[in-house]
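The chains carry the letters A, B, C and D, assigned in the order they are written, with residues numbered from 1 in each.
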Amino acid sequence: MVIVMKAKTPRANIDKLIKKLEDMGLGVHETIGQNYSILGLIGDTSKLNKEQIEVYDDVEKVMRVQHPFKLASRLFHPEDSVITVGNTKVGGDNLTIIAGPCSVETEEQMIEVARDVKRAGATLLRGGAYKPRSSPYSFQGLGEDGLKLLKKASEETGLPIVTEAICLDTIDVVAKYSDVIQIGARNMQNFALLKKAGKLGKPVLLKRGLSATIEEWLMAAEYIMSEGNEDVILCERGIRTFETYTRNTLDLSAIPVIKEISHLPIIVDPSHATGKWKMVRPLSKGAVAVGADGLMIEVHNNPECALCDGAQSLKPSKFKELMDELKIV
Amino acid sequence: MVIVMKAKTPRANIDKLIKKLEDMGLGVHETIGQNYSILGLIGDTSKLNKEQIEVYDDVEKVMRVQHPFKLASRLFHPEDSVITVGNTKVGGDNLTIIAGPCSVETEEQMIEVARDVKRAGATLLRGGAYKPRSSPYSFQGLGEDGLKLLKKASEETGLPIVTEAICLDTIDVVAKYSDVIQIGARNMQNFALLKKAGKLGKPVLLKRGLSATIEEWLMAAEYIMSEGNEDVILCERGIRTFETYTRNTLDLSAIPVIKEISHLPIIVDPSHATGKWKMVRPLSKGAVAVGADGLMIEVHNNPECALCDGAQSLKPSKFKELMDELKIV
Amino acid sequence: MVIVMKAKTPRANIDKLIKKLEDMGLGVHETIGQNYSILGLIGDTSKLNKEQIEVYDDVEKVMRVQHPFKLASRLFHPEDSVITVGNTKVGGDNLTIIAGPCSVETEEQMIEVARDVKRAGATLLRGGAYKPRSSPYSFQGLGEDGLKLLKKASEETGLPIVTEAICLDTIDVVAKYSDVIQIGARNMQNFALLKKAGKLGKPVLLKRGLSATIEEWLMAAEYIMSEGNEDVILCERGIRTFETYTRNTLDLSAIPVIKEISHLPIIVDPSHATGKWKMVRPLSKGAVAVGADGLMIEVHNNPECALCDGAQSLKPSKFKELMDELKIV
Amino acid sequence: MVIVMKAKTPRANIDKLIKKLEDMGLGVHETIGQNYSILGLIGDTSKLNKEQIEVYDDVEKVMRVQHPFKLASRLFHPEDSVITVGNTKVGGDNLTIIAGPCSVETEEQMIEVARDVKRAGATLLRGGAYKPRSSPYSFQGLGEDGLKLLKKASEETGLPIVTEAICLDTIDVVAKYSDVIQIGARNMQNFALLKKAGKLGKPVLLKRGLSATIEEWLMAAEYIMSEGNEDVILCERGIRTFETYTRNTLDLSAIPVIKEISHLPIIVDPSHATGKWKMVRPLSKGAVAVGADGLMIEVHNNPECALCDGAQSLKPSKFKELMDELKIV
């Protein structure tokens, strides 16, 4: 950690702060510049909050040198993490394709879509049973009934299940039926849910929050990992910007950043990012070319009747075409 | 709702869509322009999702005419809501001042700060017992012990309590001790928590999410209200923008917007928005001048030793000065 | 254009507005809903400003149906534009690779880099002679001397030149030496410069502004095109968001959007978007996979001594590797 | 400047960089931490670009300690700047009120509005003769004819003139007629225009760019000041965020920030920030309460017929009411 003291801070005040830091067991190295003094801290600063230092009137600013995450950091875990999910692996040289409808609606729909996506090359099956909806008047998902239908479709096709847990009250039942527990964008900083997800012994797919920095996202992963669960799969799904033509702005530059500073696998969800099925194909190809470990794509056998987010769902035939194109990339 | 059809859509396709909408019980009024046809829908479109219409290939875009919230809307509730909290009222002509430390730390701290803020003119007491922290390694609050200390300070001073509930597992205990349940920015779209907060029979202070639009914020209020609890107090606390000099950008223009489209009271938290105590004074005065119904301000008797967010806390003497200045505004 | 009248607007006021609109030569079609009346306008609304209508107290909101750009719109020009630049073509099935240093520095540097990028497969040569710098104390470019060096390097290699014009006083001299005139992100809404660029008879490369919506960007193209110059090449170079890990956020989803609503070619500049050379390779591959018509990449023979933006420049050997990889994508 | 070296950088590479920095005349102070080495630079680093250091593969990050602006910095100019404009002063204890129509349209309009705003208490007169419009098809202003009308209105009322210069070709004629040259948000980084504005011997009103950080804004002021013109008035006019309810988000927290780090006066334009006249009143009061040195407000005698931005203009009677309220704040 580096502390920049305000210009013209009296010597005595600097010495007092140095004393305080030393009392905390830290080494302090001072650089006296023309206008500013800079204190470089030596030792374990991971428990020290920037705010505890910024509070001093004489402090101009405080800068972290080290990332605040440890378990998620490549610095302490140089090899890529590869996560086993049922009969498939996520990360490393594997290209994971998670496909399925936004919401589980009927048995017929689930079985049909599951078969279609399996045939086209998907490696995991998705489908929402508990849906976080911005309106209390919108369809909120079938709940455990939906999980049962997902399970049936999974047994039919052999595809492991990814489905979202939205609250502490229902995460256990989600864990019972699913192979991967998804934490959605809106819950990325629902810390109680993250801790719980860290204790259930199943891999977790962690979506990036709409306005989460990459550092905050990795700190959310750290919450899960610090409970003993190292199987975290990151999922970029668009960030909120001023541009309104697309629902959100897919941040593909996050992929090489994550690859550099973390060892966790990262997949991309172009369906939610753009909200438009026509954009799923080009952005899927882009995500793979940039180096994503996989994709999460909404597929619905009848998007026009989908109970939510139909506009961003591919029909199975379009999904098949995309999968064929990806084999070439 | 207004539907814009793509240029050159075949007549038959437009007719098919009109038929479909009419089958849903809606009236459809078509305007045939030079390049585009526009369909105006008549009837209750509140259950119709934009996405269900956007899914059609022939649809260029869909625009909502009516706000998606009802209970929170001024259209259906023209008078300002005034909410009773213990011996005080929030909204209307009242200026609510919520003050206290970021975290509850010790009995001594709580009693001292509570007395100081009471003396200076605060009308409610704040203090966090459950703290949502971006790092799992940071202090997470004293939990129920903290609530007990808050209660003691409240009994000493007569100030009602506002404190945050961060998860389903602990919201009941929060409701037991507090007079107002706070839902924090990170949980603004934790829908399960919102629904629960709507059932506990206590007023709810709902902070705006870091990247929440005003409409999403009012939809979050709608979640609480649709469970039967109309006592919702909104709290603007800064939004996330590209500017990094302040922690977030306080959006004071949200106040007149809320006043126009909703009847709910709105207060402002300048401490969290800026992260710097020096900016609390000018922005507090600005918030009141813009028309906020109150302020939420962090006050700590020893900011330099605060376990979190000391940098944004006022000392009691500075808080007193601010209160005196506000009397003049 | 669709006008939504406020709830409870008196009939007489609606009629008055309709009359006014009809006097402007527009047809007006009214849809009377439960709470709101909607007016659909028929006729040429391209000269009508939204603001002129929003000014009425009875108007709730005004929504454009048609894009405000015409010459840049695919609606009126369904085929892709292909632009001839010297011996090469931009758009259609061509993959344009513009490469070269951020700034022109010395003859030796320019000739060496030009030969290297030519050998690796670049189709155009870039290099800044006039540099827009955020500090008045930074190197501002060699001016006309730099243009002469560029010209020499172009003659040596046969690569046409792309270079930036930053003001009315120097755009003529830029046009004299260069084959494509670049308008930078900061000048995307420098309307006087756009108009001038539209009159010089040379193709224009128009970078997206840091906070420009896609619509504003196409309106900037419209400025150039409305002066008679239809040869506009768009260049996505990152937008400003809250994320600070990368300098800007490269918006690759803009590519399919542009392809859908415009006929103009679009290329991508990953160097400026990220500010880090290590991210240029993955994002270049992503951009091509998403469907970009080309790339603009900074290459410097000695990045450590570059007078600006060295950190985002590839060495010629790295550029060669990237070009080889792109051939496979 | 502080340089953080990557973890595990070989000793020799660190020494090589230190040597290089010392050769540039800088002192280098090294702090060796657990995982990272930190170099603190001593001496004048104002000409050193961050990019020149970030280019080294061994460098993790580079952090500026000192603001990059000097002439605009309070560090080197502790007293508030007070700027004389005709018979009035901007900054210090003065509350500057700039009022007038968005565009100059007719003599009658200008004279009438000028008299009205003068009577209500305005201290300067505004009006656009050259208008930067996002569409080439929109009204672009009356040009020099507009300036003449402004001059007439100024002579009638004694109010000095503020009007915008949009390009190098017309800034001289703007300077001839006006007392303050306005540089608009879109031209905030039109560096050629800034330099020219610095040479004309008239005060400059510099609007903040839509996505400009406070630092970039002050660097734009530095461009003007470095040409010898220290009379710069800053104008906050809203920044671009994800919120679409208001046209832009007025950043009132910028005011205390500017007051802390710069000595320049700062005024606020609530009309452009919100785009809605109803929000002008509350935000004007808020701006003054936060500590702004003044306001810039659009007033039109007939907003419904205004050629641009009528929706954000106050009628003279509303402006009068606002001025009366401000006297109380």
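By our rule, a contact is a pair of C-beta atoms (placed from the backbone, for glycine too) under 8 Å apart; a residue touches a chain by one contact, two chains touch by 3 or more.
For reference, the UniProt names are A, B, C, D = 3-deoxy-7-phosphoheptulonate synthase.
What you see is a predicted model, and the numbers here were worked out from it, not measured in a lab.
Student: Quick one: point me to the chain whose Cα centre is farthest from that of subunit C.
Tutor: B
Student: How many angstrom lie between the centres of subunit A and subunit D, each centre taken as the mean Cα position?
Tutor: Whole-Å distance between the two chain centres: 38.
Student: Using CA atom averages as chain centres, what separation in Å is found between subunit C and subunit D?
Tutor: It comes to 25 Å between the two C-alpha centres.
Student: Got the subunit D residues that touch at least 2 other chains?
Tutor: Residues 211, 240-242, 244.
Student: Viewed as a graph of touching chains, is the assembly arranged as a line, ring, star, complete set, or other?
Tutor: Graph shape here is complete: every pair of chains touches.
Student: Spell out the part of subunit A that touches subunit C in their complex, as residue ranges.
Tutor: Residues in contact with subunit C: 211, 213-215, 239, 241-246, 249-257, 260, 273-274, 278-279, 282-283, 285-291, 329.
Student: For a test of understanding, state which residues of subunit C touch subunit B in their complex under the given definition.
Tutor: 2, 4, 7, 29, 31-36, 38, 40-44, 60, 63, 65-66, 75, 240-242, 244
Student: Spell out the part of subunit C that touches subunit D in their complex, as residue ranges.
Tutor: Interface residues on subunit C, with respect to subunit D: 46-47, 49, 51-52, 54-56, 68, 132-138, 166-170, 186-187, 189-193, 195, 210-211, 216, 219, 222-223, 226, 240, 275-276, 303-304, 306, 308-313.
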